[in-house]
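Let me begin by handing over the structure; questions about it come next.
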Amino acid sequence: MELNELLIWARGPAFNIALAIFVFGMLLRLFEILSLGRKEDLSAARGSGVAGGLRTILSRSLPRQTLFSREPLRIINGYLLHIGLFVVIFLYRPHIELFERLFGVSWMGLPTGVVDAVTAVTILSLFVALLIRIYNPVLRFISTPGDYLIWLVTLLPLVSGYMAYNHLLLGYTLMLTLHILSVELLLIVAPFTKLTHMFSFVLARWYQGYLAGRRGVES
Amino acid sequence: MSKPSIEKGVNFIKGQIDAPVASFFSSCIHCGLCAEACLFYTETGDPKQTPINKVEPMRRVWEQEFTVLGKLKSMVGLGKPVDEKVFSEWETLVYDGCSLCGRCSLVCPVGNDISGMIRKIREGFSAAGHAPEGLISATQRAVEIGSPMGVKLPAVKAQIRHLQADTGLSVPLDQQGAEYMVLLSSMEIMNFPEYLEAIARIMKQAGKSWTISSTAFEATNSGIQIGVSDLAKVIVERVVDAAEALGVKTVISPECGHAYTAIRWDGPNLIGRPYKFEVKHILEVLDELTVAGLIQTEGMETAKLTYHDPCQIARKGGIVEAPRRLLNQVASNFIEMSEPGVMNWCCSGGGGVSANERADEIKLTAFRRKKSQLDELKVETLVTACANCRLTLEEGLEANGMDIPVVGLTEMVAEHLVEDGTQKESAS
Amino acid sequence: MSSLDQIEVMVEGEENPEMVRSVLSEITALLECWLTEGKPGVIDLQGLPLTATDYQQLEEKLGRGEVSITIQVLGKSQILETAFPGVWYVIHRDEVSNILTKQIEVIDIPSIVLSQRVEMEQALERLKSDSNMTF
Amino acid sequence: MSREIGNNPLDNGTFADHLEQNGVSRRGFLKFCTSMAAALALPAGSAEVMAEALAAAKRPTVIWLSFQECTGCTESITRSHTPTIENLIFDYISLDYHHTLQVAAGLQAEEARDQAMKAAYGKYLLIVDGAIPIKDGGIYSTIAGRTNLSMLEEAAAGAAALISVGTCAAYGGLPMAHPNPTGAVPVTDIVKDKPVMNIPGCPPIGLVMTSAIAHFLTFGRLPEMDQLGRPKAFYGDSIHDRCYRRPFYDRGLFAKAFDDEGARKGWCLYELGCKGPTTHNACATMKWNDGTSFPIESGHPCLGCSEPNFWDAGGFYEALSVPQSRMGETILKAGAVGVGVGAVAAALNQRNKAATVAAQETMTVDALKKES
């Protein structure tokens, strides 16, 4: 009986709390970043900063040839992880239902079986990422406990969702509950860890792209 | 004047943190890809040389000073310190292990300008008394004598006299209202006098009025390399004052990478206002003059040669096509190095590394990257457009027993100018 | 009361040859077991997630044999031999023709067909007392 | 079930005798056992074992107590007006007390219950439908002046086992739904020392109950149950897993309105709020109304009526993946707080930085040197 109560709690009050913390935290972080300001660049511009900023926001999604040839595995794995997360989060019908409720817009989903397979690939890519983090000397050196925390926090919703759908280990209801709770954990943790990059990468790319754009440099 | 202190260092780092820096630290997910772009990592294999690690002290200051979470962490004693030990440990990473080449910034998937942050963090390290001796002395000479290598006006005048005597070319000094004001780097005065000759010949053929300022002939700016904006400002102001007093239209930055960055991009921000004149790199000017048909070249270098893009000129300065147009005009066997243009590998001596004797060893280790690039090509000549690159390359090649002459592009163009036969003969 | 089962419908739907194939392979295994060890086998078709299309396909595969038996007890029961001797459909319906169970039995003859000893003894007694009667 | 209760002439006969008297042959009996074994998902070959055990089973006493309920469960179980095979069991048991079905009323009825309890003390099967209010001493539901609570406690003391029929008895159901004004609780909150089987549903399927009783008669114990006390044979799978519309779910084809193309084509009802994935019941296989259909087949999403707290689990027409919280409101409120706190943090940051920059001395060459 406690199980269903837990599901109701997870879908109700707990989600509210997590969503509130997520929204609050992300806004706080945004204010913290923007408040530090940026000095106006007084040098004579050779190109457009705005165009450069916008271009870099997009262009940084593609790797430099030189880097790709040095680290193909890490880069391909990064793509798998991020595209996988995108598909799993935004192209799974039940999730779209949530976004529709939230934003009032809906879009096409993918067949559940496809999302299921993508989930498996995404989970796999997370484990590859972990292995790289452990075995690559640079990554091992620069990794902090926070990096391993966000790895885990990202993994949990994927695994619980996958296991719920495929009826593994625990009953569907319990797994669904764990899935929702793990997503809530992710929402709570995100604003206060490196997961902020889900939004702040736009700012970072914009700032560097703006600088490069003014100098007429490809970035 | 207070002495350097850790507190001062932290405060200077703090003062450098702006919205871009905050967004960079918020976005870094420790993917480690920047290391793969950094020759100080690829050639040493030392994880400490990972670019983002070099700004770790700045990240700590940012987190503790400008984020609520960081303040909470500090309150419960979880904040990581930024103390004497940290400054000592990071000093070599910040100065010796970075040529501010900016390659890391270009590969970062989230768009972090890491090399820009290393430039910023040096403000704190110099204020904390943790700048390298070599750079301090160079800066002292630049501020007090006027040139980091201690070159004074008489030396320049002597060179001008030699040049005029040898070639009959005139070199105007302090000519009011000239179109161009030409800057030199100390190295060009001391090591590569060919540059001044080349300029004189080119200007003569193009029929442009030009001048050298007796109060601001030096283009290099050690303040930028050591990371002290206040001193960089002092050095830039000399050039600005001279150029505006002479009423020149354009100031030409010499074949020197960081000098170009200092005068072209940083200068107006250091003095807090836009210039009343334009700043162009010599390669830009040459390209313009060639396109306008004001200078013509003849004959071709037949030697197999390649071009080394100086980081501050190409990756950070956006001048990539001009040198190639010029080269193709005077060389018939020009081949590209691997990863040319914006993604070039640094010579290993930029960003103050070459002025920092302590970094000699790591600089030579890092040079192996350039060496292997050159080994692939087997060229007879190496062309570049930065006196500092040139010196570093020459040293590196020598240390590796490689016999490849390094030539400045401006000189090479000058050698092929269409002139009357006698002069041509004597020049080549 | 009529059952929906009695309405003739043409089944349209997704084909799922996997299900039918796995049922057939289980039947094969059971028949082998009956022939070698003498152990009868049962498959409860209703316990399997078979669609109407699957049923139809299965029926087509199994075909019809020579024997078909109808038992009238607590509703109609049908015992049908398939084209594979030893493989039987045993379908029990209730008084209003709703299907109670639908099974495949693998045996020489489904036990429900056999007369029970107790009842045969009772029958014998009835016959004996009947034979005393005169016509 | 139109027989007289509490006055059965076959008090001492076995089940086999009972069948024989009703003209059911051994074949009929075997058929009955086959269908029971199939319903209970017992392994193949169990029908014969069951037949042997049942043949010798003694007629059990059954007492049925109804508390906070709507009689829907009784309606469901007695819905069939034609004699079905499961009725064989109902015909056989000695249903000694059921206040809706029994002929007796008032004192006479209560006496019948007392008698039955005394006569079969420790051996009878107690069936309960409805939740039990316990707030304020249980005064919110009484029968013949006695609270449901005391009646249950007394009856449970002498029961061999209990069956909670319907979601109210099993998990509290509607009476226990928020805000639960009467303090209703399920049977298992009160009876802790007897085996209790839950047959939830609003209402549950009749055959499930019959099969459970048949199991009790055959094996002398309740069938295997899950963590929520439900017989696994019937509640082991979720509606979703046994749903004939499941292929549409897998292909991502969903009806989005009750009258859209998807609905007409029979696509999955997940987005219309179907609780099939988290609901365990046998509707999808056993179906309702003599096997005619079940809610999803009739185009309506599963409400999840056989699960605990189903009344409080959010809107019936809300997809399972949609949080049951006012997300828009939460975002606005949290956003407002975030902007407020963010503005304060931003102001502090700006002051902090401005003060730092203002306090910086202009750097000179001498300031670079540690010792001089």
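Order of writing sets the labels: A, B, C and D. Residues in every chain begin at 1.
The definition used in the following text is that contacts are C-beta pairs under 8 Å (C-beta built on N, C-alpha and C of every residue); 3 or more make two chains touch, one makes a residue touch a chain.
Fair warning: this is a prediction, and the values are worked out from it, not measured in the lab.
Visitor: Between chain pairs A-B and C-D, which one is joined by a greater number of C-beta pairs in contact?
Guide: Higher C-beta contact count between the two pairs: A-B.
Visitor: Would you mind pulling out the distance in Å between where the CA atoms of chain B average out and where those of chain C do?
Guide: Using C-alpha averages as centres, the distance is 92 Å.
Visitor: In angstrom, rounded to a whole number, how far apart do the mean CA points of chain A and chain B lie?
Guide: 38
Visitor: With chain centres taken as the means of their Cα atoms, state the distance from chain C to chain D in Å.
Guide: For chain C versus chain D, the centre distance works out to 34 Å.
Visitor: Just the number, please: Cα centre separation of chain B and chain D in whole Å.
Guide: Using C-alpha averages as centres, the distance is 77 Å.
Visitor: Spell out, as numbers or ranges, the residues of chain A touching 2 or more other chains.
Guide: Answer for chain A, listing residues that touch two or more other chains: 28, 32, 34-37.
Visitor: Would you pick out the residues of chain D that each touch at least 2 other chains?
Guide: In chain D, residues 341, 345, 349, 353 touch at least two other chains, as defined above.
Visitor: On chain B, where are the residues touching two or more other chains?
Guide: 17, 66, 68
Visitor: So what shape is it, when you link every pair of chains that touch: line, ring, star, complete or other?
Guide: Shape = other; not a path, cycle, star or full graph.
Visitor: Name the touching chain pairs, please: which are they?
Guide: Here the touching chain pairs work out to A-B, A-D, B-D, C-D.
Visitor: In their complex, what parts of chain A are in touch with chain D?
Guide: The contact residues of chain A facing chain D are 1, 3-5, 7-8, 11-13, 15-16, 19-28, 30-32, 34-37, 93-95, 97-98, 101-102, 109-115, 167, 172-173, 176, 180.
Visitor: With touch defined as at the start, can you tell me which chain B residues reach chain A in the complex?
Guide: 17-24, 26-33, 35-37, 41, 45, 47-48, 50, 52-53, 66-69, 105-113, 116, 264-269, 272-275, 278-279, 315-318, 320, 339, 341-343
Visitor: Which stretch or stretches of chain D touch chain C in the complex?
Guide: It is residues 24-28, 30-32, 34-35, 38, 41, 44-45, 48, 82-85, 88, 242, 244, 247, 285, 290-292 of chain D that touch chain C.
Visitor: Can you name the residues of chain A that touch chain B in the complex?
Guide: Contact set of chain A toward chain B: 28-29, 32-39, 41-44, 46-47, 56-57, 60-61, 63-67, 70-71, 74-75, 78, 136-144, 147, 150, 192, 194, 196-197, 200-201, 203-209, 211, 215-219.
Visitor: Mind listing the chain D positions that touch chain B in their complex?
Guide: The contact residues of chain D facing chain B are 341, 345, 349, 352-353, 356-357, 359-370.
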